[in-house]
Amino acid sequence: MKICIPSKGPDIQDLVDERFGRAPYFIIYDTESKMTEAHVNSTAGAMGGVGPKAAQFLLNQGVDSLVTERVGGNALEALKAGGIMVLLYEEKGSTVANAITAFLKGNLKEQ
Amino acid sequence: MSVIGGGYMIRLAVVSGKGGTGKTVITGGLVHLSRCAKVMVDCDVDAANLELILNPRIIKREEFTGMEGAYINPSQCSGCGVCSDACRFGAIESIGDTYVVHPDQCEGCGVCRVICPSEAISMRPRVCGEIYYSETPYGNLVHARLAPGAANSGLLVGRIKKIALERNGECDLMLVDGPPGIGCPLISTITGMDQVLAVTEPSVSGLHDLQRLIRVCRPLRVNMVVAINKYDLNPGISDSIREYCGKEGIPVLGMIPYDESVMDAVRKGRLVTEYDTPAAQAIHHLWHEIVSTLRVRADAGQ
Amino acid sequence: MTTRMKIAIASGKGGTGKSMVAANLAWALAQSDRVTLVDCDVEEPNLHLFFPPDDPESTDVQVSIPAFDNSRCTLCGDCAGFCAFGALVVAKDRVLFFPEHCHSCGGCALVCPAGAITEIQRPIGTVTIRHLSAHLSLVTGTLNEGEVLGVKVIREAKRYAAKPGWLVCDASPGTSCPVVETLHGSDFCLLITESTPFGLHDLELAYSVTSHLGIPVGVVINRSDGKDEEVRRFCNERGIIVLATIPFDRWIAAVQGSGDLISRVDPAWKERFIALGGACRSSVGGT
């Protein structure tokens, strides 16, 4: 299963970005292979509609769950329609690695 | 006990349903009265006025490239006009035997690019303004200026707030001068704020605009408080505003009298609260009220 | 002979008294001429508050949006890939559409390889016409809350207002696309400012837009406290005429605040606003 964390940088030691659509990077972690991939969010700098655009990117990547602090209404609707589970992670100033650990422990609640 | 300075950056935005309510002067007063380490952000990029009262010295500037616009390469354009017919915004016009894009009208949709049979059109980032990072006697200020015809956007507001967080994340307070209106820049401004102070004035339109502002902010569940500026110019409408806010459960934390010395202070390049005047006293009182509402919320664990 | 003159009223920021000047000017000129006042501040229209309520006629402003034929759609993703505004997301079993992001460019229908997209109409705002007197009508553009295409509503409001006589268009504050749309096609622009450092700074911004568009301007200093040297110097240096100065006065503020017009209450102010209209006309060489 693939999980995605919006991030401020390309490394798992970088901080989780509190936004979804405007996060500069998406880090995708595969729970089977335990591999991570960093993707530049190419639409972070668009004028508008960044939430839906980012949701489309996750759908295209075959992501199963999104771990994020916040997600807008349109993006949430798109993620749910695409069968992506949205899990809230509200720990401020935390690293991507910590967010992955929290996910693996299974104590994140669904939005 | 102090709420501000507890290791967490308190974020306070000052907004108004429309311009000209005295928002910037009041923001300036709060800048002066809050003695903690702070960073100021001017999200009112259409009329960035905080720079007029904080005497900033620009230490870093960067271009803001907000949106893409179409560009027609004249050497590839065959002059067929298909793009001009397809453009819904009337942004492409023929000049001689070729076509050009008017940046004012182009919305960057890219229809012309896909329809052009000669592949003469590309989308290019357009410079929409400039972002400044400055020093002031009170802390750093992040502000911006737009190119004519360019629109403020949630993108620009988000970017300048981000610069403030990245460079001054250790501060105790972020004070944001918000944009007028109720559109995307406003929503982007109030996102993530601990408190939003709406400055209104006692006029029929002031009340009308405040009502719209509250309707837009309500679904976002922001913690809103109100100050009535120049309340004594029309005490009757000031009462109606208080009554309305009372019904909506929004505290009115300040009543600031009309005071001619306010503009004298601005002209001298000083902040309103540097003088002992009726308006300055009212802003002092407002600041104390803001701090105590933040404290009540902090104690309630919100 | 009827005057044909399109005046836009603008200012770099809100709260300078733009609407007050527009309403007074229109009301005063309408004592002897046909006048259409257009409220182009579509996000917060409030010119109607200056006039007694009446029976307005409203028409929806519509934009084109895509409609999807699910039997044809192959979920290929080309439409969402094209949309520059993030209005479309192709999920596993359907296309999601977010109308408030759509700019009505028609691109999705154009790129769809399956012919699954057609265009339908959706209302985003209204244009309201009020006949305030034999000579004066008010056209108000209103953008529905949460919508973004204000420019489209302004364009429609101006289209409804295309009549002989004076056209007085009150712009939204600022220098962005809605202001450019309002100014587009105007013969003259009145820039409203205040005699404060803020006012001057905002006048500079507004002037940069009118210069960019090549529209001749005149300045009105509102709420003047007599300390107008800086504004006047700015105007002199650029050859801009200060056509009127309205003092700061608690009486004016009170009349205004209660939703009345100084030109309706005081005949002297009515004459001054008629003269202001005349000055605009002579500035562009009209008669």
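For clarity, chains are labelled A, B and C in written order, and residue numbers in each chain start from 1.
Quick note on the criterion: contacts are C-beta pairs under 8 Å (C-beta built on N, C-alpha and C of every residue); 3 or more make two chains touch, one makes a residue touch a chain.
These numbers were taken from a predicted model, which means no experiment stands behind them.
Peer 1: Name the chain pair with more contacting C-beta pairs, choosing from A-B and A-C.
Peer 2: A-C
Peer 1: Please find which chain has its CA centre nearest to the centre of all protein CA atoms in view.
Peer 2: Going by the distance between chain centres and the overall C-alpha centre, it is B.
Peer 1: Express in whole angstrom the distance between the two chain centres, defined as the mean CA positions of chain B and chain C.
Peer 2: Chain B and chain C have C-alpha centres separated by 20 Å.
Peer 1: Just the number, please: Cα centre separation of chain A and chain B in whole Å.
Peer 2: Going by mean C-alpha positions, chain A sits 28 Å from chain B.
Peer 1: For chain A and chain C, what's the span in angstrom between their mean Cα positions?
Peer 2: About 41 Å separates the centre of chain A from that of chain C.
Peer 1: Residues of chain B touching 2+ other chains?
Peer 2: 108, 184
Peer 1: So which bits of chain C are touching at least two other chains?
Peer 2: Only 84-85, 148 qualify.
Peer 1: Would you pick out the residues of chain A that each touch at least 2 other chains?
Peer 2: In chain A, residues 46-48 touch at least two other chains, as defined above.
Peer 1: Can you list the residues on chain A that touch chain C in the complex?
Peer 2: By the definition above, chain A touches chain C via 43, 46-53, 55-56, 59-60, 74, 77-78, 81-83.
Peer 1: Which residues of chain C touch chain A in the complex?
Peer 2: Going by the criterion above, the answer is residues 77, 80, 83-94, 96, 98, 101, 148.
Peer 1: Over in the complex, which chain B residues touch chain A? Could you list them?
Peer 2: So the residues of chain B touching chain A come out as 65-67, 108, 153-155, 158, 184, 192.
Peer 1: What part of chain C is in contact with chain B in the complex they form?
Peer 2: Of all residues in chain C, those touching chain B are 12-16, 19, 43-44, 46, 49, 64, 82, 84-85, 103-107, 110-111, 145-146, 148, 172-177, 179-180, 196-198, 201-202, 205, 208-209, 212, 225, 227, 250, 253-254, 256-259.
Peer 1: For the complex, which residues does chain A have touching chain B?
Peer 2: Going through chain A, the ones touching chain B are 18-19, 22, 45-48.
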